[in-house]
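Got some structures for you, see below.
Both of the next two complexes hold chain A, though its partner changes from chain B to chain C.
Moving on to the complex of A and B:
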């Protein structure tokens, strides 16, 4: 029965064109990251050529080409920003839409021989499969962008790191799919559910990093996380919660996987991923518990 | 008071009261105020040690009989940068939510068509709703600003003077106009869609583009931001060298600047940052010179605001009315 629900969920998203909208947005986002990467490459090469001429006219030696300082996968550093901003919002909408339409037809669904736990697991699996499909398309666009900009196919190791980055992104986005689902189950109006999910996104993306690491909103738009020093008493206390700031952990783990900001051991990357995994499991369990007690008899207010 | 003014005032008071009763709006406001206070507190603590360092330097210089003592380069207003950024990002979400609730609440209660059937013009309805929202934003911005100034004074040990206070007032007015514009975006998008939730999603999409994507694109395309630590520094080039090289990239720079210009949020940010001395290059400018330097941003903010107010009025005029029946 779980598989039937998951299949129904995917078909429903395809029919509502939600899948196409999500896919198109993520592909545009990936292509944009690729164009920005290409632009970065083009600018660096152009500026370097002009700098060499200028320095030669002054009789100064030419510095080493700074493009060589950029890691191979640096092209994707903007994806590390777009996933928590645009991707997470899309994931919220995906989770929201997965459950919200059943608010009015829930009674019909549960008149069939299906348990509420099976229903919820089916919904989660359906949304997870949709996310996998969308991220696989994004992975393909990223690989093509890398081949075009670097003028060579990514190596096996690069492809492995890319796959690991997209697996991490899937886990991150699943947290927001589940938040989108849980907010539908705890509120009575669909708009209120969407706004509550947005509130959760604002707290995770902006409020928590400000409190744990002193990151201002515009610093959150930077792919590289630079937390405040713990010399201040305030941060000595709040920095203890930093490992639970999932957006910071996601960015740090992504930078390590893509090697755009130093390298870290697999153990430390796994330590950064653990809170994400833990939160996903907690939200899934909470969702299953909530759907068990949810009142589908009254339907939802569309406004 | 004319009847029209009385109606506008009644609608504005209704909007303000309804907003204060909305729990979700109060939660969003709570998030905004909490993190604003945290950001100013953190900056003020750091500033306090710099003020103490400067005071120690000044005392030592005076004791040793130095004739010329370097003036302080500290800018207490710049500590409010976090607060301004939060108004820019989260404040815009609050404003969109309020605009969305204005329309969706009246629709859900079936009172929008009722109001439109009364002798209230679309202009009065738009003006009343917007005034009520502006009243709420003024309360919010005033509370944030006062808390910020007190934090800077008490924690940072640096009270702002009258001239700085006036510049801060201008930045606060810009913030209120900015939030009013996003209120219009939320109300226009909701009023023009059959399902209110779809209007909210469209408005949030516009927010994402204007507040997050366009400014980020402009920054990312900045030639100097291509390498950690700065491209020109990596190439051992000074400011003159940088200017010389950028002459060869005029089209690229024009494109990059145009992307930023398209964002209303960027104009608000540039203006507010200049007024609060966040950007070093504007420190020490007189008010007249500052306003002259920022006339482009002021012009764009006025243009976007007027366009959105007209859009709001047009959207309210399109709302259906109950036909007046004669018995």
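Moving on to the complex of A and C:
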């Protein structure tokens, strides 16, 4: 039953224009991250080559190419920004579209043998698979971009780090898929559900980081580092709240995985991932609980 | 048409539908009050009543969408609250204003519901059902582009694809043109005759009830005020010329 629900959902989602447009936007943004990386690489290398020529004409030794000092995956650091913006929006819509039609179709579904828990698990699995497919497409575009910019295929280690980054992104985006689903179950109305989900996205992506580290402008830069300790009570509070700002945890963990902000231990990365995992589990359990109590008998979503 | 459902399909000795002191409330509002009703296998039962009488609530309980507040409701001898799995294996349901997944084709929609009902060979069952309902031409079109009548035909297909023993139809004629109403009437009669399906139909269209139903029940403000066969009903009210007149008289006496 779970597989049937998941399969139906995948087919239905891939045929919805809104979803396809957002998916295309994410892929374009991924390609854009590569283009920006290439542009930056091209400009700096051009300036470097001119400098090398100038220094050579004076008989001075040339410094090493700055790109040789940077991690190869740094070219994709813009992805760490695009995923919480465009990716999260796509994930919200994905979660919303996964359940919203069932406000009217639910009467037919639940007059069948399927249990509500099986149904919700099927929906979550379906959305998770669609998200994997989206991120695999984005991973492929990223790999091609890296190969073009660096003029060589990424190493196995780089590909491993890139895969780990996309796995982390999947977990991060699942939070938003589940928020999209939960808001449908709580509000019932199409427009209100989407507005509520967008509200949650705004709070998580913009408002909460402003309270935690956005108050310290230098720490708003991407990737951000842990706030310095301070004696002021307010900043002590914001520093304590920071682990619960999932967008910051995502950016910090991504920076560590891509090695664009120094290296952190695996334990430290796992500590950053834990709030994401915890929130996903809580939202999934809440979703299952809400479906169990949801009234599918009226067959209307008021729109 | 063959039987496609994996569960046992023997006709149980229990009645098709049995309600005992069935009550339902939404908050403080009592919608159904101590309903006792027994419908035998093979009947086509017309459930009549004014808007808000509680007809749809009764169907929602019988299709396991909501649980009764008090009393019991059984389908084919199985309790709708305690034996949901057994009940849902034996029923088909066509709600008023049926909606399906607009981005899927009629075939994909009906196949989806066939799978949810545990049909062994869903693809074959869907083909046979479309053929039986003479709507194979709709099979590969997306439901989102369908008119009310087309949606209704696909809605019936999803309701019978697993060959249920009891078919619930909630205001099945709403939004249909006269041709659609006639097609629906013929389909109900065929399903009852060919497959022996018991049909439980909520409706306001009394002319159709007179042509299709074998038995009627009248619900008034949550209370069942009348239940008998169509033949016995016309005998009981010899002064009235139509079922509509009989119904209006019952409603007036009740109020």
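Going forward, the second predicted complex is superposed on the first by the 256 of 303 C-alpha atoms of A that agree within 3 Å, B and C clash if a C-alpha of one lies under 4 Å from a C-alpha of the other, contacts with A are read in each partner's own complex, and residues count from 1 in each chain.
Methods note: a contact is a pair of C-beta atoms (placed from the backbone, for glycine too) under 8 Å apart; a residue touches a chain by one contact, two chains touch by 3 or more.
What you are looking at is a predicted structure, and each value in this text was computed from that prediction instead of being measured.
**Student:** For chain A, which side has the bigger count of touched residues, chain B or chain C?
**Tutor:** B
**Student:** Should A:151 be classified as contacting the first partner (chain B), the second (chain C), both, or neither?
**Tutor:** It touches nothing on chain B or chain C.
**Student:** Touching A:296 in the superposition: chain B (first), chain C (second), both, neither?
**Tutor:** Touch status of A:296: second partner only.
**Student:** So in the superposed three-chain picture, is A:195 touching just chain B, just chain C, both, or none of them (first/second/both/neither)?
**Tutor:** A:195 sits against chain B, while chain C stays out of touch.
**Student:** Quick one: classify A:78 as touching chain B (first), chain C (second), both or neither.
**Tutor:** Only chain B; A:78 stays clear of chain C.
**Student:** Just checking: does A:1 make contact with chain B only, chain C only, both, or neither of them? Give me first, second, both or neither.
**Tutor:** second
**Student:** Would you sort A:15 into first (chain B), second (chain C), both or neither based on which partner it touches?
**Tutor:** The answer is second: A:15 touches chain C but not chain B.
**Student:** Taking the superposition on A as described, I'd like to know which of chain B and chain C A:104 touches: first, second, both or neither.
**Tutor:** second
**Student:** State whether A:114 touches chain B only (first), chain C only (second), both chains, or neither.
**Tutor:** Touch partner of A:114: chain C, not chain B.
**Student:** On chain A, which stretch or stretches are contacted by chain B in one complex as well as by chain C in the other?
**Tutor:** Comparing the two interfaces on chain A, one with chain B and one with chain C, no residues are shared.
**Student:** Using the touch definition up top, name the residues of chain C that touch chain A in the complex.
**Tutor:** 60, 63-66, 85, 88-89, 91, 93, 95-104, 108, 112-113, 115-118, 158, 168
**Student:** Across the complex, what residues on chain A touch chain C?
**Tutor:** Answer in residue numbers: 1, 4, 8, 11-12, 15-16, 101, 104-105, 107-114, 295-297, 299.
**Student:** Which part of chain B faces chain A closely enough to touch in the complex?
**Tutor:** 24, 27-28, 31, 34-35, 38-39, 41-42, 45-46, 81-82, 85-86, 88-90, 93, 97, 100, 104-105, 107-108, 195-197, 200-201, 204, 208, 212-213, 215-217, 219-221, 223, 226-228, 231-232, 234-237, 241, 244-245, 248-249, 252
**Student:** Flag every residue of chain A that touches chain B in the complex, lowest number first.
**Tutor:** 32, 36, 39-40, 43-44, 46-48, 50-51, 54-55, 60, 63, 66, 69-70, 78, 81, 85-86, 89, 93, 190-192, 194-196, 198-199, 202-203, 206-207, 210-211, 214, 216-218, 221, 224, 228, 232-235, 301-303
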